[in-house]
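Order of writing sets the labels: A, B and C. Residues in every chain begin at 1.
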Amino acid sequence: MRRAVAWLVFWLVAAGVVAAFYKRVLWFPPAVSEHGLSMDSQFSVSFLVIGTLFVAAQALFGYAVLRGRGKSGQPPSFWPSNPRFEKRLILAIVGVFSMGSEKAWANMYFRKPSPDALEIELTAEQFAWNVRYPGADGQFGDTAPKFITRANPIGLNPSSRSGGDDLVLLNEVRVPAQRRVRLTLRSKDVLHSFWVPNLRLKQDIVPGLAIQVEFLATKTGQFEIACAELCGLGHFRMKGTLIVMEAQEFDQWLEEESE
Amino acid sequence: MSLRPWFPLVSWSSWAWLALLASSLLRPLQAEEGGEVTGQVLFEGEIPRPKRIRMNADKECDKMHGETKVYFDNLVVSEGRGIRWVFVYLHGVKGEYPTPADPVQMLQKGCGFSPHVSGVRVGQKLEILNEDPVPHNINCTAKFNKPFNETQSSGNRKEQVFTNAEVMVGFRCDLHPWMGAYCGVTKHPFFAVTDEKGQFTIRNVPPGSYTLKAWHEELGSQGAPVTVTAGASQAVTLTFKGGQ
Amino acid sequence: MSETHAEHEAPRSFIRRYIFSMDHKVIGIQYLLAMLLLAVVGLALTVVMRWHLGIRTVLRPETYLSLMTMHASLMFVVVTVTPTSAFGNYFLPLQVGARDMAFPFLNMLSFWVALAAGLVLLSSLIVGAPISGWTAYPPLSAVGGVAGPGLGLGQTLWLVAVALLCVSSMMGALNFIATTLNLRTRGMSMMRLPVSVWGWLTAAVTGLLVFPVLSAGGIMLLLDRLGKTSFFVPSGLYLGGEVLPHQGGSPLLWQHLFWFFGHPEVYIVIVPSMCMVTHIMANFARRPIFGYRYLVLSLFGFVTLGGVVWGHHMFVSGMSPYSGLAFSILTLFVSIPAAIFAISWLMTLWGARIQFRPPMLYCLGFVSLFISGGVGGLFNAQSSLDIYLHDTYWVVGHLHLLFAMAAIFSVFAAIHFWFPKMFGRMMNDTLGTIHFWFTLVGAYIIFLTMHYMGFLGHPRRYAEISQFDFLKPAASAHTLISVVALITAGAQILFLFNFFWSLFAGRKAATNPWNSTSLEWTLPNPVPFSNFERDIPVVHRWAYDFELPGGAQDYEMQTAPGPSMDGQTGKGVPTEKST
């Protein structure tokens, strides 16, 4: 009886897991960035290898346990271990993962900054995203905390020459598709994290540092920006929108806004 | 039956009666003998263009305003150069003044604080009310009173009493960073907030010499001496200089 | 040295005997009961949080974050302290054959400081608990109430509790190391120690290395808060409408200090758990444990690797991506010592005649959870995949499988296994079995679902999910988790009932009810004050001589002379003076 219940539970859980996989319940939102695709393929490899390992290990363990049920009087049998095989298996796993994974990592981080990337500065605060475009002159005006007011949320220096045409938005990042975008991430107060599931991009934002990340969005559409580092009572409401537009549309929008 | 339990009640109620009697006697006297300070706070320099609030940062806030554009309330200057939202109050007031029982209200409405600047008495209730369908936050950054910082969910009423005089106590909503409010906490009733034209009136001021102080969120503070005589109105004009 | 304890008489007064006691056995039970209390509070917080997340939104966001922080902190204390300080305290001296810990007074002090830490932590729940999470990342945790509710006095108390816990753990660690190295009885060579003793020793060594780092970090953070220093707070922070006066600190410094402690901390919890499980499993499999020597070696591996992989908590923190590369590869190497343990368990079980008593069930549950959690770790050990998985529910699920569930299963196993020796009575098998199944199935449903929510990209520490469209599919998953969590939490009542009922009404236990081999089972119930009434017995073998060929019974006590399978015959013979 107990055994039957255990098996029932086991199969129910297994069926649930398989169904969840098959139906793509709680699955990755579609990737819309260049590096996101290479990350997804690394995920696939990992699912295959780790999934196999997981099932094999649990099955082996389960078999060992079930074999050991109720056979009294039988002399113990030993399964000779093969340390060399085990060592090789582990090293192979380490090798496969570190190579594949670090390639994806390098894709993301170890590349020269593109000279023609669109520059956008993102200044996070409790609990909003201030977004700044450099304006027609292509240069950001200088900022300092002492200039910050509610109406000047990033502390733009009023006497800054290149700051006059800077465009400052709130919670809305618009980027052109198929063009590299370089984000400079800053924070006014505490730690935040820029997280766009569709971009496969997450980067903590550290006050005192200006961290740069690059991405290239491949598809147009609206995607949600969430904060992924606990930043206070409004953490769950710190929402922004990433709007990926056709290049032409984007240029037109930028022109209109900059007036 | 022992009368003992009733003693506090009897003694307190007699004190209350006495206080009521005293206040009814004093009030008309003050009105007759007090003077008035009126005036205007003006802006000097180039009038800055009002800055639009990007309400679309929160879709629900945006919905409340429709097509109407909403502007920042940090520096509001009328065509006649009057500055709105200046807190003016008398410095050097002596004597005790009864605390009003009615609370001062501060609303969170349309994703803004209303009024933007207000005054409350030491010991008087400040009632903060969220009339919006969205949650707000009250981050009260008092220095001489107990600060607090909490979520103000939709429809919630928060009551706060300040125990020390403080000009000004700041309030922010961190969920909507454009939202800010200030409240001056004073020991006496002689304060006012300038209107759209930058004008203000402080009534029933006991005769004497004071400093009239004015505080503005971005322009800072300044003061001017003022002498109040009974039954007369004293006009004062203060001028703030604009930025560089 | 082992004679020092025997010099003083057993205290007569109730207070010296049961409250301010220097007896390691009383202290062990005190630890166990205190941690049980904290665990119950922590579990109650879970119930409220799960109700809020999955059934009906009842909490304000900051209340949710406070409860979350307190749940994590309390459970952190529970899993850190229970395996080592409760069971280690009671059974390490017994298993090595000592009359008490090396420093009984320090031992007593260590408990009372730990209790103070627990109480200060609970008091922070009363004044308004911090909302900064158990990692307390500055600047959120460093700048006071302007950054959020509970970050004033609540956060300060929280830090004081952390500092106290550090002090307590360091005192405990010293005691464990000194006792293991110096107070072993004759014949108890290091390679004859029960694996559980190795686990406690490893945890103590690791603790002694890393708790000072946490306490230094905690004091620096306290100074930032109270003394206006700027270790972790950079220049020009703008909060509450003002620029803060701090200058030149680095938030990343805290993360490095915290995780330099925090990762080895995982091993402080899980290594003694693994070792207790290994010890108990051998008993119920009636098999010598497989590869004892390799297990000991892999413990050194855990300590060493544990000290160089902390950066895998910080892949997206803004740390140099080159460090990320190094930390990622080093982290994958942790699978080597972990796999050695897993293989040892598998081999020990292979072909064994398993006795499915509750202690064994919990051990098997532990192994299954350990495999699942460990294999899942291969995902987030890869820095590139961690970009996606970091700070999502994947991590919550992963850490709970290992750090919480596996650890707590080992504690359940240990309680059921050692209950007869600690309290002289047996716990009920049926209740234990039912509780085991509920908890195991519950744990898997809850935390596997959380892994899936990580694939969705669901960030952790969200008080509500209503704001985001991409989190919509998670709503039903939250409900599922909540329902299962409430049932699983309810099932813990079975355990509590079993524990307290057996305390008073359980079947009287024999001296060695499990036919076990280590020294504690040679002692009568209750264990006398100075443990070994007359002479401390001499040890002739390791603790895993089950199924010896040609034996009359299927096990040999460590005190029994004769040939052994421990590979130590001829070494550490009884004539040799051990120290």
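The working rule: a contact is a pair of C-beta atoms (placed from the backbone, for glycine too) under 8 Å apart; a residue touches a chain by one contact, two chains touch by 3 or more.
If you're wondering where the values come from, they're calculated on a predicted model, not measured in any experiment.
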Once you draw an edge for every pair of touching chains, what topology comes out, line, ring, star, complete or other?
complete
For this structure, which two chains share the highest number of contact pairs?
A-C
I'd like to verify one number: the distance from the centre of subunit B to the centre of subunit C, where each centre is the average of its C-alpha atoms, in whole angstrom.
55
Between the Cα centroids of subunit A and subunit B the separation in whole angstrom comes to 46
So what's the Cα centroid distance for subunit A and subunit C, whole Å?
30
Junction residues of subunit B, two or more chains touched
135, 149-151, 180
Could you pull out the residues of subunit A that touch at least 2 other chains?
125-126, 232-234, 237
By residue number and range, which residues of subunit C touch two or more other chains?
60-62, 147-149
Residues of subunit C touching subunit A in their complex?
60-62, 65, 131-133, 137, 139-140, 143, 147-149, 234-239, 243, 249-252, 285-287, 290-291, 294, 316-318, 321, 324-325, 328-329, 332-333, 335-336, 339, 342-343, 345-347, 349-354, 356, 364, 367-368, 371-372, 375-376, 378-379, 381-385, 387-388, 390-392, 433, 437, 441, 444-445, 448-449, 452-453, 455-457, 459, 461-465, 467-470, 473-474, 477, 547
Subunit A partner contacts - residues on subunit B that touch it in the complex
51, 54, 56-58, 72, 74-75, 135, 137, 149-151, 174-180, 218, 243-244
Report the residues of subunit A in contact with subunit B in the complex, numbered from low to high.
125-128, 149-151, 153, 158-159, 169-172, 232-234, 237
Along subunit A, where are the residues that touch subunit C in the complex?
2, 5-6, 9, 13, 17, 20, 25-29, 39, 42-43, 46, 50, 53-54, 57-58, 60-61, 64-65, 67-72, 74, 76-79, 81, 83, 86, 90, 93-94, 97-98, 100-110, 125-126, 144-146, 148, 155, 188-191, 193, 195, 197, 200-209, 211, 224, 226-237, 239
Would you tell me which residues of subunit C are touching subunit B in their complex?
60-62, 145-149, 240-242
